[in-house]
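Dropping the structures in below, format is structure tokens.
Note that subunit A is present in both complexes that follow, paired respectively with subunit B and with subunit C.
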Partner chain A sequence: MRTYILKRILYAIPTLFGVTVLIFAIMRILPGDPLGAYYGIETIINWTPAQRAEILRDLGLDKPIAVQYAIWMKDIASGRLGESFFRGDPIIEILAQRGPISAQIGIISVAISWFIGLPVGIISAVRPNSIWDMCTSFFTVLFLAIPGFWLGLLIVVGLISWLQYKAPIVSVQFWENPWTNFQIIAGPAIVLGLGQAAFIARMARSSLFEVLREDYVRTSRAKGLIERLVIARHALPNALLPVLTLSGVLLGFVMGGSVAVEQAFTVPGLGKALVVAAIDRDFNVVQNIVLFYAVIFVLVNLFIDLLYGWLDPRIRLN
Partner chain B sequence: MLGLRASKSAIWLLICAVTAMLMAVACGAAEPEVVTVVETVVVTEEIVKEVEVEKEVIKEVEVVREVEKEVIKEVPIEKVVIATPSPTDEVFYVRPLDPFPKSGGTFRTGAHGPPAHFDWYASGTIANHGVQSPMYDALLRRDPRTSDVPVIPDLAHRWDVSADQLTFTFDIREGVKFHDGSDLTSEDIKATYDRIIFPREGLVSLRRTLFPNVSEVNAPDDYTIEFKLSEARALSNMMVAFSTEWNLISKKETLEQYDGNLREVDDHPGTGPFKYVERNDDQWVMEKNVDYWSPDAPYIDRIEHIWLKAWTPENTAALLGGQTDWTMWLAPKDGKDIGNKPGLNSIRQHLLIWHGIPLNNKRKPFDDKRVRQAFALVLDQQALLDVTADVKATLFGGGWFTDGTPYGLPLSELEQRKYFRHPTEEDIAEARALLAEAGYPNGQGIAKLDLATRETINQRLRAPAIQAMLKEGLNIDTEIRVIDVSAHGEEIKAGNYDIAVEGGAWAFIPDPSFYIKDLFGRCGDRLCDGNTAFYENPEMDKKLRALEVELDQAKKIEMSKDLATFLDQEMPWVPLDTTEITYWGYWDHVKGLMPANSDFYANYELHKWDYVWLDR
Partner chain C sequence: MESVDIRESVNANISRSLDAFRVFIRRSPFAAVWGVVGLILVLMAVAAPIISPNDPLKTDFNNMSAPPDGDSYFGTDQIGRDLLSRILYGARISLFVALASVLLGTTIGGVWGLVSGYLGGLTDMISQRFVEIIMALPGLILAFALVLVMGAGMWTIIVAIAVTRVPFGARIIRSVALSVKETAYVEAARGIGASQVRIMARHVAPQCFAPFLILFTVHLGTVIVIEASLSFLGLGVSPPTPTWGGMLGEASALLYPFWWHVFFPGVFITVTVLAFNLFGDGLRDALDPRLRGTL
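On to the complex of A and B.
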């Protein structure tokens, strides 16, 4: 098992390296620089070349690309992740402030997806082609089709129009004020959770549907086991394996999707920070948040693989 | 058997619960029923009476209810009061006009930010001024309590102008302290103005152009500051320059420590009504300066500037949902309506920024003024502004000169005037004749023109409209080229375009000799910074120079009329609009601002908040 973990970690290294190169290159290839947002567009057109050069030097943007990349790697190694062009503060502070809120949203949305998606999937598999199966299929397709940010916008507009309510827009951590924190994360967590629940339900249905027709399930029934035990003890554990894998993949989608959903809800999470930084061409912040997402994605998938190995002895043995 | 029944019941219950949940969610996303209700909104109206009390005049406000609120009409009615250059009472302080202002509370603003640095001398973005100005004072300021926004004292409580208008002397308030406890003296003001007017090599000073005629700044004693001018300018222009609230006073020690480069400073003490507390990725927090030199002020305990990007739905949503008390940069389509919502008010700020369509004068066919005139005749400015009305609130008005100033042409006159009115058949016929006269009959001989547009929504909307008008009116083909926001300026400045969808210049001083010179004139031995169409004409420079040095206001207005006629003939750019509206929105409990529904003309001023109080 130790070798297995070590191998997976070693595989992650080139992945993360590729991500750093890719995002660093993309931010440099895109036209424009952060100076427009930094000083105002109308201001920078009046700069002399000497003034522009001095400001680029201050920001470290006058150095060769390779040197800039090396400096970033050094910043990552130091744990500070570099500094925002805008405030000059370490980016680690942005991650510390906004990361927990995005993490809460991610975790709660996954919990919601299992809480709703799994029962729906089971019911559909157990009673195929019934009215319940058709109803749940309708709703799962509906939530697969509705974009999260759009649903988020509808909720925000509806709450403002009918209740004059808008969730807080300044980050408050759970340990500082649980109620305010709940108001911040509830909306995006539900929207993202419903979107994932649809995937989970579809996967659980097809997986369980298939497993219920396996020989060992038929044998269990022939032995006289009641249907509840057949499903819970024999069918479900095997049917859940692909659902588990899907959850790992979905978490990646949650992170990507949360950018738009957080923006729709004006949630002070990492997604919103990423959007603002991209608009302002704050290269350092964009690079580090994307890298952070990549690390989380790799770690979650590593965890899922390990869990998979633990649940399925065949994988461990192989 | 019993167990099986129980399990079936459990499954049914689960099915019902999940279905109900899904249906509830699905119903939540359904389109709400829309009912149109016509109602009369009851609002308050402020009636201002003046009552003399000892040395100062305070204004008593009587609240009258039961007034029907009228639909907002975007017609500027105010005129800019560009200066109040008279000695004032030593005890003049900015106090709320309300009779009994309350103290306390947290004021949450929707702020376009965060500011990237403390070097506001080099900055032209509200991200700096809007957030940082409450922590600092200026020499003079604009009165935020009235839509006339006249010049009033700030750190300077009295001023004198010599008879030849070559020396401006300001008396500074005594007892003013920086937030670190040290005293403010005229040396701090001298150091600040030296940074603004005489920046060292490599430092940017955006408002240096306000003081081209200041030859030296002296501090004869601790509480006197003196500006020597090499050449007299209109008094009103000088007072506007001195009252620009971007020229916030920094401590001499700080400026010396960083050699004038405040980009590297994390925070530095000011003398303003609010002190720095903290900033993060969400907001900038400041607290009341209890040692502020103005008695009773500030009235607010704490300000939280919350970052919300300009023109975004999030900005509007935060205000409507009560997460902010005040905001500006509302998206125009939201801003127009915000004052009609219960509990909310709006004020329209007219930013003094001139916009037009640059035609690259150094490239063919625009090196011929007949072609430029032909373009101006077929381009319908009002229609082009209407195209972007929902995303950028610019008003047609003023003509060549800033609307709301004595130089701007009234709308009634403008609508009759060739080059500004909706193109008539005669205008189009004349345009075609001019084009033929210039050697391009029916647009023949003009290759497809490069129509450069910035990657912003308003310019992207306007570009196809320009393209269609040129094709229809003159049979001229253009190709729209979208350029990234931050690369756009360099591209235009380098002259890599034929037509730019929009260009502009700030009228920091609302006198044509300032911004028209920047756009179409020469500054010393080179073209001025804003002259991105590369227009050169000694006669233009001569007229601008005459206007620049003329001190008599009446004569200046006459000269500007002559200049407008000259610009019609030369048509270096196609003029579009001269002010841009920014909508302020705020809740009823925010008090001390100028009357709701006002229009005022100023550039990013009035964000000090020492005059605002909260009535929650």
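On to the complex of A and C.
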């Protein structure tokens, strides 16, 4: 197990390094001029070369690309992640203020997806082609197709029209005011949770459906075990492994989806910060938020890999 | 006599594709129906200038945010433009961007996966690392950053979304290439001295076509949502060109949006995604059930 953990962690390091290079390449090397995007082309063509050079120097964009990359690495290592191009705030403050709200939304949505998706999938697998199975497959297929941000908008419009209710548009952490905080995060968490629940239900159904046809399940039935125990004790643990992996993969879906869903609910989370930074053309903020998402994604999937190795010895011994 | 041979082989090809088509309809009639829905949506987009009741860009300040009625079946938007016409025209951008970006991304990914799987060794190892790095960025966020830097326009959006699809092509087609290259007929081709390029193009690539087709359809739905999300976030094809996501974005910018502003564009997105998803699933089950679960 220890070698497996070490190997996995060593594997993740080059990936994380590669991610920083990829993001840096996208943000700094691709054609596109952050000054032009920010100040407008009409403004910058009137600048004298000296003016332009000065602004570039202020932003640290006059140095060679490799040096800029090294500076970014230094900023990451110092934990401040550099400063916003145009506001001068350290980016770590944006993450510290917006991150918890998005993290809450993400975690609660994953919990919702398991609580709904798993039982739905299990019952469908146990009674394939029953009325229940058909109803749930209908909803599963439907929720796989509904874009989360649209569902979010519908909820917002519905609440305004029928109940004259609009969730407060403020940035309040759980420890400051739990009730306000709950109103902010409930909508996005439910929408993202339902979206994932559809994937989880589909995977749980097909995976349990297959496991229930294995020899060892027949054996446990043959020795007279009641069906509930056959499923709960014998079939389910094996059937859950692919669901666990899927949940890690879905994290990418949640993070990408949350950007649009937070916008739909006007929730001041990390996704909203990304959109605002994008409108400001504040490339330094965008770069660091994107990196943050990628690091979380890689680390959570690393964790799931390790969990998988712990749950399934075949993986770690292979 | 060569011409006869060619005609025979063409006929054989056609009848083989017809057979495959029949198998598809028999095995998944349900998916075939959704395929027809997808086709209708495409036709609708193509025929938008003919079937639209109104000019999608014409504003009418006497008729702002009018609810659905006999004049405008889906109502009008906040500056009085007919929503139905905007949705019909919006289908053109959404569908074209989706088809073009999946085609581009899956093709590049497929060729990449084919070469890396067939050559194996160090090439394969390095290229798999690259795939992992691209996959470490959630699709929408990667596309978002790319469009932001390159500037929002139809072609930059297509390229950006295509990039997010490359790893999927590279992975799935690679696994196919890995198994095909061990078969006896590839070994035979190698034995008679065919070049690497020839083996890949003539002997391995045809085997990758079914998975390619499946990948292509299965990802269409996802890509429709990515395009709509980008437009919704203000990084779509620039206004006043109507796009489904852009219409939702404009609606959400209002303090109190009306239900028809939000409802109709979203219904079209959902139905389109539904059609492509179910068609893709059916195609996969008919052509290559082994891919179930991996796609």
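By definition in this document, the second predicted complex is superposed on the first by the 294 of 318 C-alpha atoms of A that agree within 3 Å, B and C clash if a C-alpha of one lies under 4 Å from a C-alpha of the other, contacts with A are read in each partner's own complex, and residues count from 1 in each chain.
Just so it is clear, a residue touches a chain if its C-beta (ideal position, glycine included) is under 8 Å from a C-beta of that chain, and two chains touch if they have at least 3 such contacts.
Note that the coordinates shown come from a computational prediction; the quantities given were computed from them, not determined experimentally.
Now for A:93: first (subunit B), second (subunit C), both, or neither, which partner does it touch?
Touch partner of A:93: subunit B, not subunit C.
Between subunit B (first) and subunit C (second), which, if any, makes contact with A:234: first, second, both or neither?
neither
May I ask you to decide whether A:142 touches subunit B, subunit C, both, or neither, giving the answer as first, second, both or neither?
In the superposition, A:142 contacts both subunit B and subunit C.
Touching A:154, do we find subunit B (first), subunit C (second), both, or neither?
After superposition on chain A, A:154 lies in contact with both partners, subunit B and subunit C.
For A:268 in the superposed arrangement: first (subunit B), second (subunit C), both or neither?
Once the two structures are laid over each other on A, A:268 reaches subunit B alone.
Of subunit B and subunit C, which one contacts the greater number of residues in subunit A?
Larger number of subunit A residues touched: B.
In the superposed arrangement, does A:205 touch subunit B (first), subunit C (second), both or neither?
neither
Does the superposition put A:165 against subunit B (first), subunit C (second), both, or neither?
A:165 sits against subunit B, while subunit C stays out of touch.
Using the superposition on A, tell me which residues of subunit A are in contact with subunit B and, in the other complex, with subunit C.
In the superposed arrangement, which is not itself an observed complex, subunit A uses residues 30-32, 37, 142, 146, 153-154, 156-158, 160-161, 263, 279, 281 for both subunit B and subunit C.
Going by the contact rule set out above, which residues of subunit A touch subunit B in the complex?
Touch list, subunit A to subunit B: 30-47, 50-51, 54-55, 58, 85-88, 93-94, 97-98, 116, 119-120, 123, 126, 132, 135-136, 139, 142, 146, 151, 153-161, 164-171, 194, 226-228, 263, 266, 268, 273, 276, 279, 281.
Spell out the part of subunit B that touches subunit A in their complex, as residue ranges.
That would be residues 3-4, 7, 11, 14-15, 18-19, 21-23, 25-26, 28-29, 32, 114-117, 122-125, 127, 201-204, 206, 261, 263-264, 266, 279-283, 304, 306-309, 313-314, 317-318, 320-323, 353, 483-490, 492-493, 504, 506, 529-530, 532 of subunit B.
Contact residues on subunit C for subunit A in the complex?
Where subunit C meets subunit A, its residues are 129-130, 132-134, 136-142, 144-146, 148-151, 221, 225-226, 228-229, 232-235, 248, 251-252, 256-259, 262-263, 265-266, 269-271, 273-274, 277-278, 292-293.
Note which residues of subunit A are touching subunit C in the complex, please.
14-16, 18-19, 22-23, 26-27, 30-32, 37, 141-142, 144-147, 149-150, 153-154, 156-158, 160-161, 206, 242, 252-253, 255-257, 259-260, 263-264, 274-275, 278-279, 281, 283, 286, 290, 293-294, 297-298
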